[in-house]
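In the two assemblies presented below, chain A is common to both, partnered first by chain B and then by chain C.
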Partner chain A sequence: MATYTLISSNVLASSAASVTFSAIPATYTDLVVRASIRTDRAGNNIDLLKLVINSNTSGVYSQTVLYGTGSAAASTRISSGTEFYYDFINGAASTSNTFASYELYIPSYTVSQNKPMSSFSVQEDNLSSARINADANLFSSTAAITSLTYTSNNAANFVSGSSFYLYGISNA
Partner chain B sequence: MSDTPTKVVVDCSTGITEVLPLTQAEIADMETARLAAEAERVEREAKEVADATAKSALLKKLGITQEEARLLLS
Partner chain C sequence: MATTYEKIATTTLGSASSTITFSSIAGTYTDLRLVCVYTTANFGIYTTLRFNSDSGSNYSDTYLIGDGSTASSARDTGATFIGFGAYPNGISSGQFNLVETDIFSYAGSTYKTCLIGSSLDKNGSGDVQRLVGLWRNTAAITSITIQTNGGTMSVGSTATLYGIKAA
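Now for the complex of A and B:
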């Protein structure tokens, strides 16, 4: 039976441009990140969450994205990207005090093969343009995953109260 | 409270969390990325307006409504 162990939790006491989990131990089977996120991206209710793994910004990131906008369901595809960036999160114009919910699941993060992973986020809002997405992601690197760095894809800051939790899963 | 943007770095091997000020180079990179994102947004919105205007003009030229155009394409 899978066991979840909280490796690290971080609730921002003040705004920050990025959050990095470094020196991730190789002692688990899988990794999970859960986060509650809002940025100060001005004039927009939507922002996008960017993830760089192992500080690798070569073109090794691919994503197939399914998303709903409240008025339509659609999909998009990103190949050979320099990061994962297609998870919707709340910007400054979203309903006050609402935060996006985000989850990343990385199976077998230490094995010497390319790393598929899933992500899911909900941009919480009361507006008709609120968005939800589910992504199939591929990090084409055989290196064990040892760090995860999150930023806003629009160079905004994560606001105070945003929270990031990293779990290690044993016996998955 | 400092106005200097910060970054949060968690060392998972020690559990130590550091809140570090961005370097001048990182601040410059961030500003470049912000300006690029804003320019992209303005360009995208301008294209959406231009597309909508062109679509409306075409429908008018053809003398059909949007619903009739949708029916033709279905």
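Now for the complex of A and C:
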């Protein structure tokens, strides 16, 4: 088996309120999501990316967040949340043709233990309020991860041209 | 199509251990990537990285860290290791520290740099780090050792070393 394999991709030809990877096979060791994202959130160049795993919206999500604004660095956290939502992405007021870059790494996604993961996103748009962030994420569930659902945390739509790729990594 | 991302070796601890070592690393790749997920029953431990069993003062690192309320940056110079994970807040039983490390041009004849991302969330505490490390040695890297500062990594802790080929 190849070590690094594309499982699924979703390149938007029109705007969409959500992107879901479902029926993720359990045949890999780790998962990686890489995406290029922009939303139509009106009046703001920044949006936040929301991720729900296995359709589970109970309080099993926590994040420790490190971010920079271009002039300062800061840190915050989410505890016992109902989703991950602290990755910065571009909104409608961003410079034209700019999309955020995002990566999520999930090791041991089928193992019966809580799932640590990392995420990293950059929302650079040649404006003074651009963002960069790195997160430590914990999904406190022992269930194997079988689906990932992305939405805007501000109920906006992902615009056409946004792209999401799910890869499986095998260390077998 | 040539494979560009290959597993070199995986270690899953069958008994608690203070070290995980990858040795006899071939020089046939361009870069290395190390993915480690570990936990421990010993509160407060952190882990370190060394190359080729070198315990001299040949390492340095600069890092950015956030603990959920404050972000800061610091460096270590003339160190005997590169900081690797869960420092300074430590880790205890049932918590998992994900550490991703990219080691560039590991077989070249210049000093060796690496980028480390350490992600430890404990639902109410934890820290996230991004670190750049330097090993001031021109030798090819043939072994990598992850070592705790005391205590052990628990059974089930895993580390996988991948090789990335540019050609």
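Operating definition for what follows: the second predicted complex is superposed on the first by the 169 of 172 C-alpha atoms of A that agree within 3 Å, B and C clash if a C-alpha of one lies under 4 Å from a C-alpha of the other, contacts with A are read in each partner's own complex, and residues count from 1 in each chain.
What we mean here is this: a residue touches a chain if its C-beta (ideal position, glycine included) is under 8 Å from a C-beta of that chain, and two chains touch if they have at least 3 such contacts.
Since we're looking at a predicted model, the values are computed, not measured.
Once the two complexes are overlaid through chain A, chain B and chain C fit side by side, free of any clash as defined at the top of the document. Of the two partner chains placed by the overlay, neither chain B nor chain C lies in contact with A:83. Centred on chain A, the angle reaching out to chain B and chain C in the chain A superposition, using CA centres, is 120 degrees in steps of 10. Touched residues of chain A were counted for both chain B and chain C, and C has more of them. When the shared chain is aligned, chain B comes close enough to touch A:22, but chain C does not.
Using the contact criterion defined above for the overlaid structures, shared-chain residue A:157 touches chain B, although it does not reach chain C.
Contacts of A:124 after superposition on the shared chain: neither chain B nor chain C is touched.
Legend: residue contacts after superposition of the two complexes on their common chain; A:63 is shown touching chain C, with no touch to chain B.
Note on the superposed arrangement: chain B and chain C approach each other to a least C-alpha distance of 16 Å. Listing the residues of chain A that touch chain B in their complex gives 7-8, 10, 12, 14-25, 44, 153-157, 166. Interface residues of chain B facing chain A in the complex, by the touch rule stated above, are 1, 5-15, 17, 19, 22, 26, 30-31, 33-34, 37-38, 41. Interface of chain A with chain C (complex): residues 2-4, 29-30, 62-68, 73-77, 79-80, 105, 107-108, 113-114, 116-118, 120, 134-138, 140, 169-172. Residues 3-7, 10, 35, 37, 64-73, 94, 96-98, 100, 117-130, 156, 158, 160, 162 of chain C touch chain A in their complex.
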